[in-house]
Each structure stands twice: as structure tokens, then as C-alpha cells.
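Working notes, beginning with the structure itself.
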Amino acid sequence: MKLTENHSDNFFKNRKKYTLVILFIFFILLFILSNSLSGYYYRILLLFGINVILTLSLNITNGYANIFSLGHGGLMLAGGYTTALLTLPVEFKANTLSLPLWLEQAQVPFIFSIILAGIVAMIVGLTILLPAFRLKGHYFILASLGINIIMINIAENVRPITNGATGLRGAPPYTNIWWIFGIAIFLIYLIWTLLTARFGRAIKAIGKDQGLAEAMGVNSAKYKAYAFMISSFFTGVGGALWTHLILTISPSSFDLLVVFQIIMMLVIGGVSSISGSILGAAIITAILEILQPL
Amino acid sequence: MDLTYIFQQVLNALSLGSMLALLAVGYTMIYGVLGLINFAHGEVFMIGAFTAMYAITGLGFPLPIALILAIIASVLAGVLLERFCYRPVQGSGDITLFITSLAASIGIRSLFVMLFGSRSMQFPMPKYLQGIRFWGDILITDLNLIIFVFTVIITLILSFFIKNTKLGIAMRGVSYNKQTAEAMGINSTSIIVATFVIGSALAAVAGVAWGLQYGNVRPAMGYHPGISGFIAAVLGGIGNISGAAISGFLLGVGQVLFVAFLPSVYSGFRPLFVWIVLFIILFYKPTGLFRSNIKWE
Amino acid sequence: MSEEILKLVKLTKKFGGLTAVKDFSMTLNKGELLGLIGPNGAGKTTTFNLISGNLAVSSGNIIYQNNDITDLRPDQVADIGIARTFQNIRLMSGMTVLENMQLAFHIWNDYNILDTIFRTKKFKIKEKKYLEEINETLKHFNILDYKNDKVDDLPPGIQRKADITRAILLKPDLILLDEPTAGMNPSETDELVEIIKWINKDLKISTILVEHDMRVIMNICSRIIVMENGDIIAEGSPENVQADKKVIEAYLGKSYQV
Amino acid sequence: MKKRAFSILFITFLLVAQFSIFTLAADPITIGGTSSMVGILGSIGEMVLRGAQLAVDMANEKGGIHGQEIDYTNIDGQSNQTVISNAAIRLIEEENVIAGIGPVDINYLSAAAPIFENNKTVLMDPTATTPSIAEMGDYIFMTPFGDDAQARALAKYVAEDLGFDNIAIIKDVNADYSITLAEHFIEAFKEFTGKENPIAVEENYQTGDQDYTAQMTRIRQFKDIDALFIIPPLPQDAPVIANQARRFGINVPIIYPDAGDFDEVIDIGGDSVEGAYISSHFAVEEAMTDIANEFVEKFEAEHGYTPGGFEGLGFDSAQIILEAIRKIDAEEWKSMNLAEQRVAVQQSLINNEFNNLIVPIKYEPNLPPTKPVVIKQIKNGERVFIKTMWPEDFEK
Amino acid sequence: MAKDSNNKNLLTLENIESGYGKVKVLHNVSLKIKEGQIVTIVGANGVGKSTTIKTILGLIKPSSGQIKFKNELINSLETYKIIAKGIGYSPEGREVFGNLNVYENLRIGAYTVSKDDFTKRLEEVYQLFPRLKERKNQEASSLSGGEQQMLAIARALMQDPDLLILDEPSLGLAPIIAEEIFNRLAEINQMGTTILLIEQNVNLALHLSDHAYVMEKGKFVLDEKASILAQNDYVKKTYMGIA
């Protein structure tokens, strides 16, 4: 009781110190890990980081805003393909695909390509889902499932751009521990910062009781769309990071099973909680690897 | 594109439509009483097909007995699912129920892969079903007709049952308002079990029909029809049995007709078209083509 | 003299075949405390839902401070200064009282998303100000001690006060209170009566009060409207209404005597 | 705050716990595999694994290579790109493999390939036939022939030996295997028949489809086709399409690519696939080398059935690696560290011919290997050897 | 009006504590209903009246205390078993099955009854509510509020219960219709059915009942003969608005 009192009243003074100390320790830990871990464990650590990003993104919609989406695999795919097309070697693009010249020649720096990946995922999510926002309950779930199926279908069939079911390969190995955990930390900060302010309170309120939130002056359609946009942006970024880690991308990697795994991470750690998402991502990533030799 | 061709294509679609209709009815009934998308329904369907296959090839039973065994196996699977997967997590929220059903689906599929391998196995078709008849240039396989007629009969019996019997009325009551139904002296648990029994039996019939029609079974066979059944159930207005049956038919026929009338260059985009149509329908009718039987809060 | 704040013109709401509100017209003056009574199902809550935009009006108009607000969404209605409470206590479960209160500042917040992310001075000043306001109001309602408790664990009396506090924090010009004393015991009811008086007199918020407790209604309302079957059957001062034959028959009961 | 601190602690714990499972460099020569045991490619993965394991066992019976025992370590790739790429790095970093045998499908292969390439370790593609696999890197080698070669050999056989010049094609439009094979086949078929348009109709279906009646209704309208070329990416679709074709009265011979070379096809297809022609990697009856006979014998003894083309490919994938090591001087081999040994294997593979395999093979840098294509026919429910198409016969 | 007070207890609640999850709604509630009586619980919205009913019906399980029906302990029984012992229930807000027609609603009401008894009961109930017979093939959702309330009561009567529990039957009804319904309830009671009534229309209810309880904040604060309670100043003041 005392502790909570403290942190909400003097929230800005103490929180900052705590956070900085933890961040400092965390980055030192990362530095040690990145130099001492073998390739395999380093990789698992990276996957864990990507999973944290994906789970946190999904938490915004499926957790806080309570709009249950099954379509995040499709958004990852959108992000992954975007960054792949922007960064693949020109030679590969020229030989395998038939792209407009500007895209074929494009060699976008990593930072911009992941931002663009996020933006494309955001646009995809919005275009497909905007007409679906008035749907309720399982009708919405069905519509969101559509994102996945539509995106996979497009990736499999627009062969001049996506190279069909084989997908694209040869993405540069840009992803590293600093990118992933940098983005993860930023996302954690962003979610925390939003939740403790007007924007996040509105989204949380919609998730708890939409009618009441509206009575408090929250435009639920608008804020749901915002929530979905942030979520799909970071899902797209997660997909992009994944692509630059695995170095290849094909449609079949983003089926329902991926979404299911992320939902598992979300549920195991506890919905609507940042630390829960991290914990869930850690547990599922570890379980998936530990079960491997069986 | 002459009339014969169109008619032939519609005829072709009858059996696929029938199977999806049977699956969709199961989805919608279970959704009605439990508020749950039973993603494992596709696996119940697969279990039916596997049992029938094994009864025929392994034990040498004739098809009708194999069908009965398939129904028994599927019903058992459905009831066990209800008892050990869904009942324990009832009331713990949508997401948990959802995860449970997805996990059950993947679990059963993996179990069958472990037991039988992921390759497909032959589903033998008895000689008396192999007939083909011609009507002018239009070709009709006996099996296609039989599956269709069988489905229509089952659907009619089921609608009669749901409409007129005490149990059927109770099922509708439970799906409309479970708590009030309980306060009328209805044991909702047994109604839920009964619903699983009926839904799973229909899935078994669909599974056997699938095996006969396509000649093979495999552990992953339930995935695609399962999703189609789910779509049909939603499209038909969740909880609406005849709506589900009709939507199942429409979806099956639609899928075949997409192939039939789309230039084959575009046939890769079939799911895209299906989903666009679906989105359009949902945009204008946000609760499906037909009236939902669920009471919305 | 007095200025109109809300005017309902021939408001009608139909649900399928059922007409819940029928050609209902009324006006509310600025600063007034109006009691809306009538049997259950007479259309009081439906009227609230129509004003607050939760239900779509079948026909008729709602005029608020000379603006037609008939077709506004609930959030827009809240934005222009009409707050409401619900018949059942509605708080965000799993959140603390404070978090529930903070939501009320949604429409007043004018820092933008960048202020939020970078925690600018503006953000801090605003949030601090809101926190002070919340503390002050909670203190006035005597529930400051519960500020950091989860609302689910609180007794109904406290929950009800939190519910009303949150509506007040919207700083509305008009508040719709739907049975605020439902489920309260007499001492809690007395406390709520004082609160409602304070809201109306000190905060100068015009109030419409739906209530079943005749003690409350007759004590504090300056004017009463009696509804039955979606329409007005009587209107006037508490004394007049209590004496009205139709009211006695439809609502107060035959044994009712003044 | 407490909760978050706890979770960070937990993660750290997990990571530290994993340190303790470090393995030391092993004495024997290790070959790694990433065959998937589950998922859609599970059954092919298992065939490959059996073949490869047998090659390793046979080498060990003969006393290993350079006096060292051979180990074969397979990590289940689960038909999942993420898992396979993790498995690849684990094989290289933790299991210290000399070379690896990849997953059976190009999608999954392309997840493993960059890791092997970056670590300068040879990765053998056991079954995937897309020619561009050989271009994935200097350390990526294909065991099977490329689809271009397969398509040409098959087109030549169909056009010249069978004399067909008007055929229908049905393929999976979601699978690159089907699409590229069809493209190469059509091109070659035009050349060998000399006809402008020897393809009567080209139909498409989608992965996961089971109902091909709409396509069959269309193919049925072409009454004078000589054959139906079915190009499924996976064996399971092959017989189902045949069944439905027969039901629609399409009674022309059926032609399959190597995806039809499975028992499953005959089991399910039954009478429908009788007489079908298949292009294959290897036929038991027509052993091209001595070791082929030994392989068939030992395989039958161990697993109780006659190996098919994919068991053969699995065997060859491992055998090629073993042969490459064998070609290195023993003294030199022993003086090298692991990284040098890995590079040596690659050096030994390029520009070399290997004859001590089931099917003789020749490598050139970044190209699919040159090797013969076998044509089989299904007769009385058995796949029977018809003809070997030697590279020099069908090459451009 | 008062019936023989020597009659046996049909339903007794002893020291019931009950609620939803962590939140306790009922505190130490005790209640007695004798055979043949009409007993009313009055109280404002949200004081725990409906919770009391739901606890009796087993829809909520009490955390402590005893519930006896016909001298049998029914605390831990499933709802459907409690209903089968002879309790008819007409829920608050009527809760008819909107997707079923009138006949089907009545069929569900008679779920625990054999087919023959059902036909017999159907006639009796139709006699009591002729309007329902006219509309027997109409979907319940299309009925007017009063008709729906009649249907809810009729449905509760279908299994010929010994105890009829009604949760706010006058809710949302015009006074004339409410009165009609109360007249029916009197008739039903005359035929020998014990009635437990929850009402906010205190005036009507107290005139009909033999005995009444006043509930506030999950406790019974008054427990008296209805006729006495109707004269009680506190009740008059608080619940009937008589100053």
C-alpha cells in the first residue's frame, strides 16, 4: 500500500531513477551476453527479443484494447517482405523478380527499411480491418483471420514481387542484439508511457468497458484504430527483424501457428501486462527450444 | 461457357458443399451452447475418417458398419474433448477457451502424426459406390449424389429433431440463455454433451464422405475443411443451424465455381476472392447472412 | 429568467414493436435539479440512453444549449459537457480508483502524443494538476483513502461514490444520475443526497435524477416529471405531483396519501 | 516493479542454465541433418534420414574414414523456418559437424543455407530439385538433379519414346516446384515435339485442395489429349487427382515428376495410377553401381521394404560427403582443425566426379549436378524401371 | 387472507452468506416460507433480492448456511435437480427464450415433466392465460411485455411446482397489466401453489402477500405479516414514498 502510494504520487521522480538503473544493468548484461554467448544461444536470445516485441504488440490489441486479432501473422509477413524487398541484393532482385526499377535498385538502410516495414504492416492492417471494426466478437475474429489468409495468398501468388511460395532469400543479416533489444526497450517504454497517459487510459478503458469509455468521452472507433495501428506497426517491425535474422522469408512461415504461438506467450505471461508479455515470450521461446531434441 | 458446363460444375460442387454443410452445422451447434469456436472440430472430422478407414482396411468391415464405428469414435472424441478440455476452462474467458481449442486441435493432429505418420493413407471405396451415370454430356457420379442426398436427409432429420423434440427445444433454449434454461430444470451440462454428440456425429459422417470422395485420409486433413466450416458457421449467423447448412453449401459450391469460372491464371487468388466476398457480406450483414440465434449482450 | 440547458422535443424510441419512449418533450433549466420518476420500464433509462447517445433516436430532437445533439455519439455527448452514471455501478474492473478517475480527464487533456512519449513539462504539469483535482474531489466525497485500491474489492457504497465522482470529474454542465441510491442503506442514501445537493448547488451542475426512493426525490428536487409508458403523465413541484391522481394510480399506489 | 525484476531474473536464469549444456568438440567425424520428422514434409524427411543413416553405418562397418568413426546427428526441423535455422546453427556451433544434410524443401533449405554458407560448411540438399539451390552459395550442393534436367529428360521421353504431342497439365499454383517444373517441361516439350503448342490445357489448383472436379470438368472437354501430366508438390495430391480424372472419364496415361515416386501414390491411386510414367532418381532393378546393390540389400534387411528414390537420395547425400572426405589425404586431414576440414570438404566436392554412389554424379561450381534421370512406370501396382535417360541424351 | 400458520415450512433459509466471487452480497439471511403462503421480499434495486433467489435455485452456491426445501437440504445440488424438486421460476426481466415460440417456451418449462403431464398442464396453463393460447405459434420475442411476463409465469407453472418464485413480475408493465398479473397470482395461489415474490411495487405486493421481508444491503431488516408491514411507518416512508 505504501509503496504504490509512493510511486503514483511521486511517480516522476522515483520511477525515472529506477528505470535508468535497470536499463543500465540491462545493457551491461546485453553487452556481456553478446560477447560471451555462442552463436546458438545468442540466436535464441535474439529470437526471444523478437518474440517480446511481437507479444507486446499483440498485447496492445488482444490484451489492452480487447480486440481479438488472429491476423498478426499476416502483418509480420507484410513487414518482412517490405524490408526484404528494400534491402535484398540488387543482383538477386534483378535475376529472380521483376520489380519496378526504383524498387529493384533500392538499397535502403536498415533503420528506414524496418520503419517502412512497420508502416506497410500498419497500412495493410488498417485497410483490411477498417471495414471490420464494426463487427463484434467472433465475427471480428473471423475477419482478422482473413488478414492472415489474404496476405499469405498474395505473397504466394504475386510472383513477380514475392517470388511465390519459395519466397525471398539473401536478406542481409542486419539483426543484432542491439537492434532487437533497443526496439524492445523502446516498445516497452512506449506502452508504459502511453498506458500512464491519456492515450493508453482510453485504450485500456475501451478494453474493459467500451460503453463506459464512450460515456467518458472516448471515441472508441478512433482509439481502437490507433491501438491497431501501433500494434501492427510493431508487428511489422518484428516481422522485419525476424527476416533479417532468418535471412529468408516465405509465406508459409506466417500461418496461424505463428499467431497461436504469440497468443500463447501472451496468455501464459498474463494478458494486459508488460512483464507478463516478457515472461511469456521467455517461457515459450525456451520451451520451443528445450523440446527440440525430443 | 454453355449451360451444360455450368450445370456440370454445380453438380460437382454438391458433395464438397454437403461436407462443409455438415461441418458448419457442428461448429454452429457447439458454438451455440458453449460460446466456443471448437477449432478441434476438424480433428473430430479426421478421427471419423481414420476410424472408418481402419475399420474397412484393417478390420475388413463393410462401409455401413465402418460408418457407424466412425460415428462412435468421433462422438467419443467430441465428448472427451468437452469433458477434459472445455469443461475445466469454462467461464475463464474467451481467450482461454480459444487457446484451449486451438491447442486441442494441434495436439490431436500431432498425436495422429506420431501414431500414423504424416503421409496419407488409402480410403477404399466399395464397388457399389463407383457408378457413374451420364445425362446427355453431364456426368454424375453415384457417390456425389449419395453424399448430397444423405446430407439433405440428415439435415432434415436434424432440423426436425431440433424443431420438435424436447431435447432439441432444450438445446435451442440453452444456446439462447443458458442460465435461464438451467432455472427451467434443464441440466445444461448434459445438453452440452448432447450437442457435442450430435456435432461430432455429423463431423464423422462428413469425414467418411470426405474419405470416400477423395480416396485418402491423413492427419492434417481436417485443417482446411475445418476453417471452411468455421467460416460457413459464422456466415450463417452463429447458432443458426439451417443458416450454417446453407452457408456450408454456398461455400462449397462457391469454391468450385471460383475455379470453374475464374481464368486459370487467377485461380491462385481464389482465397483472396473468397475473403473479399466474405468481407463484403460481413460489411453489409455484420452478423452473418442469416439471423443469429445467440442472444447478444 | 432562467435559461434552458436541455430541451427534448417529441422524443420517440421504438424497439421493434415496442415503443419505449413516446413523443416525450421536456425542458431543463440551467442549475435545475429535476427528478424523473415512474414505474420500472416507463422509459426513464431509455431517455437517458437517448440523451447520452447510447441509443439512436427513432424520431424527435434533443437540444442542448441551443445545439441539436440528436445524432451525436456517446463520446461526443460527453465531450460537450453531459455526464451520466449508469443504473448499475460501472467502474473499470481491475483498476484502482485513481485509474478510474484519471479516465475522466480524457476530454480535458490537451497534451499531445509527443508530450506523452517525451514526458514534457507540459505533460507533467497537466498530470499533476489532474491528480490534485482528483485528490480534492475524492476528499470531498470522503473516499480519498481508497484511492489506490482496486475498485472490485470496495463495498458498494464506496463504488457508487467513485462512480459519481468520475462523472463529476468530467466537469459537465449537465449530469444524468440513474438511480444513484439503488442498493444503498439509509445512511448511505443520506450521504448521497448531500452529495447530489452539493453537485447541484455548489458545482452548479444542472441535474436530472432518476430515482425510486421517494424520500430522496421529494426532498431535493425542485421539479418532478412522472413518466409512464414512455410519456409524461404529470409534471410539477413535489407537492403537486404527490397530489396528482394519475400519479398515485400509476406509480405511488392507491394507499398513498399525502 | 517487483514483477518486472523477477521476470528479468528469470530470463537470466534461463540463459545461464543453457550455458551448462555446452558440448565439447567430439572425436568422431560428425555429419549433421535437419530433416523434419513432423509437419507436411515429415514422411520424406524420414526417408532421407534412413538413407543417410545407412550410408554412415556402412562407412563405420568398413572402419570409418581416416581411422575416425562417423556420427550422424539429426535435429528435427519440424517443417518450420525458424526451427530449422536454429537447428542449423546448433549443428555447426554445438555439434561441430563437418558438413550437413539439409531439409527436404527449398523453403526450409533457404533458412539453413545462409548459416552453413557463412560458416563455410558444406550443406547438401537431399531432395529439393529447384536448380537455383546450387546458386545459394559456394558451400551449398544439390544431390538430386535440377528440375530443368528432370523436365527435359521427361519431355524427351514423353515426346520421343512415347510419341505424345498433345497433353494436359495440372499443377499446384502455390508451389514453385510445380510452377518451374511446368515451365521447363513446356519449353522442352515444344522443342522435342516440334509443335507450336503441344499443351492442350494447363489447369491450376491450390495447396490443400482435395476437390479437383472443376479442373477435371475442363480437361474433360479436350477429348484428344494423349496424356495428363500431373505436377503435385507433394505425393499426397498425386493419386487423388488421378482418381478424380478417371472418375471423369479421362483415361489417358498419367505422367508424374519425381513427386509421384512414392508408395503412397500407388496405395491410394490403385487402378487409377496404373500405367503412369514417373521420372525418378533411382531404380532398384537398374543398379548403376556396385554400392547400389549393397545399399538395397542392407536397406531391405534393416527396414523390411525396398528403398525408393528418396531413400536413395538420402543415402547419396551422406555418401557424397563421406566420399569427399575420403578423397582428402588422411595425413593432411588429421593435421587440419575443424574449420579447415570443413573447407577441405567443399574443395573436394567442386569439380569432382563421384562414382561410388547409387547414381554417379558430377559437380561444377554453383550448378546442379549432372546425373541421369530414371523413368519408371507403374505396372501391377509396382514401380517398374523403364529407361535411364543419360545427361548427354537430353542436355541442350 | 392469512392462511393457517400451522402449515409446514416449505422452504427455509438459515444464515445464508452468498455472493459473486469475492464480493459478498448476502449476509446472514434467514427466511421461512410455509405451504400455501405468498411471501414477498421487498427492497430497493441492488440490495440482494435477486441474489437470494439465485442462491435458492443453486445458480449461485452459498458460502455458508443451509437451504431446505420440503425438509431436504438443497445447498449443494445442481440447479436442474433443485428445479425438479418442484420449484417454478420466473426470472427478473422475464428472460423468455426469444428464439422459441410460445409453445416451445412452455415445453422447456415442462422439461422435467412427462409428455402426458405436459399436455394436461398445457391445457391448464392455457386456461389461466388464454392470450398465450392465441399466440402459441408466435415467437416469444415478438410478444408485448405483459404477454412475455405471462409467458414467463406460465412457463414456470408448467411443471406444476409446489413453490413458484417470481422475480419482479410487474417490472416495466403498465399498472393495469401488473394488476392483472397479480390477480392471476392470487388465483394460482388459491389453487394451492406457494409463492415467493420479489417486488419493487411494494404497494401491490403487500396487498397480495401473507408475509413479507424487507431487505437492505443484503440483510433482512424487517420480517412481518404483510398487513402489519403495510402500516409500518418506515416502510411507508422508504418504500411507498409516504412522508
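The chains carry the letters A, B, C, D and E, assigned in the order they are written, with residues numbered from 1 in each.
The rule we apply is simple: a contact is a pair of C-beta atoms (placed from the backbone, for glycine too) under 8 Å apart; a residue touches a chain by one contact, two chains touch by 3 or more.
For each chain, UniProt lists the protein as follows: A = Amino acid/amide ABC transporter membrane protein 2 (HAAT family); B = Amino acid/amide ABC transporter membrane protein 1 (HAAT family); C = Amino acid/amide ABC transporter ATP-binding protein 1 (HAAT family); E = Branched-chain amino acid transport system ATP-binding protein.
All values derive from a computational prediction rather than experimental measurement.
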item	value
Set of chains adjacent to chain B and to chain D	A
Partner chains shared by chain C and chain E (touch criterion as defined above)	none
Relative to chain C, chain with the most remote C-alpha centre	D
Distance from chain D to chain A - Cα centre to Cα centre, in angstrom	35
Between chain C and chain D, centroid-to-centroid distance (C-alpha), Å	73
Chain centre separation (chain B, chain E; CA means) in Å	42
Chain E, residues touching no fewer than two other chains	none
Overlap residues in chain A, where contacts from two or more other chains coincide	156-157, 257
For chain B, residues that touch 2 or more chains besides their own	268, 271
All chain pairs that touch each other	A-B, A-C, A-D, B-D, B-E, C-E
Residue ranges of chain E in contact with chain B within the complex	57, 59, 78-80, 83-84, 89, 91, 95, 97-100, 104, 107-109, 111-112, 155, 159
Contacting residues of chain C [partner chain E, same complex]	16-18, 39-42, 87-88, 152-153, 156, 179, 181-186, 212-215, 217-218, 228-229, 242, 249-258
Partner chain E, residues of chain B touching it in the complex	166, 169-170, 172-173, 176-177, 179-188, 293, 295
Interfacial residue positions of chain A with respect to chain B in the complex	62, 68, 128, 131-132, 134-139, 141-143, 145-146, 149-150, 153-154, 156-157, 256-257, 260, 263-264, 266-267, 271
Chain D-facing residues of chain A, complex	7, 18, 22, 26, 29, 33, 37-41, 43-45, 47-48, 96, 156-157, 159, 163-167, 169-170, 173, 242, 245-248, 250, 252-253, 257, 273-275, 278-279, 282, 286, 288-289, 292-293
